[in-house]
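Heads up, there are several structures right after this.
Both of the next two complexes hold chain A, though its partner changes from chain B to chain C.
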Partner chain A sequence: MTTDSSLNDDMFTLLLEAMKAEGHDTTIALESVSMDDTLSAIGIDSVRAIEIAAYIEGKLGVSFPDDQLARSRSVRDLVELLVRYGRHAA
Partner chain B sequence: MSTKEDIAVSYDVSNDFFALWLDEQMNYSCALFEDTDDLELAQKKKLHFMADMAHVQPGMRVVDIGCGWGGNLRYLVNERGVREANGITLSTAQFEHIQRQRLPATTTAQVSYRDYHPEEPFDAAISIGMFEHIATPEEARDGRSVEVYRDYFRRVWRWTVSGAWFSLQTVIGGVLPRTSEDLRELEWVTRAIFPGAISPRLGDIAQAVSPCWEIMELHTRRGHYARTTGEWLRRLQAQRDVICGRWEPTRFEEYERYLRACVMAFERGYQSLVQIALRRIGPDAARRPCAADNLV
Partner chain C sequence: MPASVALREKIYRAYMEFFDSAERKRRWNPFSDIPWEKLDPSRNDEDKAVCAETFCGVELYVPDYTANGFNLTREVFGHAWFQANWGYEESKHALVFREYLTRSGMRTLEQYLAFEKAILAKVWNLPFHTRRQMTCYGALQEAATYLIYKVQRERARESGDGLLEAIYFYISRDEAAHMGFYRDVLVLELEEDREGTLADLAHVLAHFRMPGVGLVPEYEKRMETGGVGITSQQFLEFGIFPTLRKLGTSRIELARARAAAQAGKRPFDARASALA
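This part shows the complex of A and B:
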């Protein structure tokens, strides 16, 4: 059984993988990205955020709601989106 | 909302330039292609439809919020027999154009809706293609759109008489593109052509009308805007030599790219268009605790 905590960790790891796979250079090393970072602070604009989310959608076979995706401002927002909608696919 | 400088980027480019590819009345918004393929007629059908949704009758005083180059003001006076058509716009080029026309029974103010205080209430309100300028992209990302839109609806409530109708036409956001190419094109349009503007989400509008207005009728017109922008693109391309002769070639290239992106966005469902008929709730709606003197 997957706990919420390990699911969060899994999704965070998946997010980092997506950033790397999509070739997005963050302004800090990926190893230093934390849940509390805002996307803009690590060099990810709104367009890049959607590109990263699209990679994860393909990977998990899910679609995230557009309104929630558009309002994701931080790494935590994205991870929560992944946990909520990727839970059954993970 | 979009600043005066933002608005200048979008609308103060050159009246002569826009006249080369818009319809004769210079309606810079979605036309209604019902039983016609002709842009001129389709624009007139749109104005007719919007006036009907606002329950415009001869002798009324009507406000047009974001009146462009005055096409709707002219229509309301000449075709619908209104007593007074009052337009507001933030664009200097549009305001001066309307002033030069000396339209009868028409007043125009160059003012933000936030600073507009009409002396008498209006019998009806119409707004075509202005709502996109109310919230900024930053406000939308911060989740503040609904409160900004609600403030707008509250103000229009204050400008109108009990029982008034308000017809609203606006682009709305559709599905978010997931390909880099489409995302970048739409991002470019916002940055280069419509800085400070953002397409509202339909759900946000539906929330924000409360407690002042009731949605009575709603139509989506995505296909009609794909056709309108397609026609603008065709006309622009037909004027290529004229445009490149009078302005820098980049002017033509930028607007061709913008209109191609619009056609793509409406055809693929990234953007849509909505026309909404609103009935004023009253007389106490805007006096409820959340409203009145708490404007943003």
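This part shows the complex of A and C:
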């Protein structure tokens, strides 16, 4: 059984994996990314968000609603989105 | 790749609709339609000035935008004629911002001319080098510009600044119409070559920058002024996603098109990739 805490950790790890897969490890140090970072602070603009979401959706076999993706302001928001939609896929 | 006869004809018809609507419903005069009598120096503030000056700076590249645009579109009548109409409308935007800045006294004529000189000391170059990629760019850039002016209009209305509200009303309406034309043409391009158009759109999105970046003096600092730009999330929610919906595609299909292009199934125009 997956606990909420470990699911959060898994999704945070998946997010970092997606960032690396999309080449963000060349512009920011992924080990320094924290849940409290805003997306803009770590260089995730609108286009990067689309790329990262596509990677994660492919991995989890889910689809995030556009409006909820667009309203994600921080790493925590994104992880919560992943947890919400990835819960059944995990 | 040259546009087919059928595509050129469809773009001509799209332009006729755009032009007819512009002539009948959207023409405005920067002198007689703007309520200059509402100019109230007590409403002056530096944020408003920075916003208007920054927008004016971007609009001042009309000679570069149109020269480059004409060269790229000259073989497609509807698109080239749109370029002419677009340049005329954008030229009014620069003009009305100049009038606003100097009539309000927020900038002296000397200050404005120094700014204009700094702007024109640099040249705007095409960020992409095919007509279709620039159509993708136009659809996204006009969406962002429309959103920025819309926010300004709402701010002006909320603060009771009737003059500024009117300025941003006319300008944002023009930008919405430009965005609509680019989207309409992209729909036609998709009908002609879906895979290639989506690959172009994905490429443009991945390399997208607003036209003032690197040209307008102190651009980054200006972006710190409230309302001079929009956030990444706003662009995503109100610019990119609505564009994708209008085009009948999704970010999933776009990501696949990009992956396919990157995998070499559908190489981008080599020159565009090298220069982007």
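Keep this in mind: the second predicted complex is superposed on the first by the 86 of 90 C-alpha atoms of A that agree within 3 Å, B and C clash if a C-alpha of one lies under 4 Å from a C-alpha of the other, contacts with A are read in each partner's own complex, and residues count from 1 in each chain.
The rule is short, and it goes like this: a residue touches a chain if its C-beta (ideal position, glycine included) is under 8 Å from a C-beta of that chain, and two chains touch if they have at least 3 such contacts.
Predicted model only: the values in this text are computed from it and were never measured.
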Legend entry - Which of chain B and chain C A:Ala54 touches, first, second, both or neither: both
Inset, instruction - Examine A:Arg84 and indicate which partner it touches, taking first as chain B and second as chain C; both and neither are also allowed. - result: neither
Legend entry - More chain A residues in contact [chain B versus chain C]: C
Inset, instruction - Identify the partner contact of A:Asp67: answer first if only chain B is touched, second if only chain C is, both if each is, neither if none is. - result: both
Legend entry - chain B versus chain C as contact partner of A:Leu39, first or second or both or neither: second
Inset, instruction - Pick out the shared contact residues on chain A: the ones touching chain B in one complex and chain C in the other. - result: 46-47, 50-51, 53-54, 57, 66-67, 69-71, 73
Legend entry - chain A-touching residues of chain B, taken from the complex the two chains share: 140-143, 173, 175-180, 183-184, 187, 201, 203
Legend entry - Residues on chain A engaged by chain C in the complex (per definition of touch): 39-40, 44-47, 49-51, 53-54, 57, 63, 66-67, 69-73
Inset, instruction - Can you check the complex and tell me which residues of chain C touch chain A? - result: 205-206, 208, 231-233, 235-237, 239-241, 251-252, 254-255
Legend entry - chain B-facing residues of chain A, complex: 46-47, 50-51, 53-54, 57, 66-67, 69-71, 73
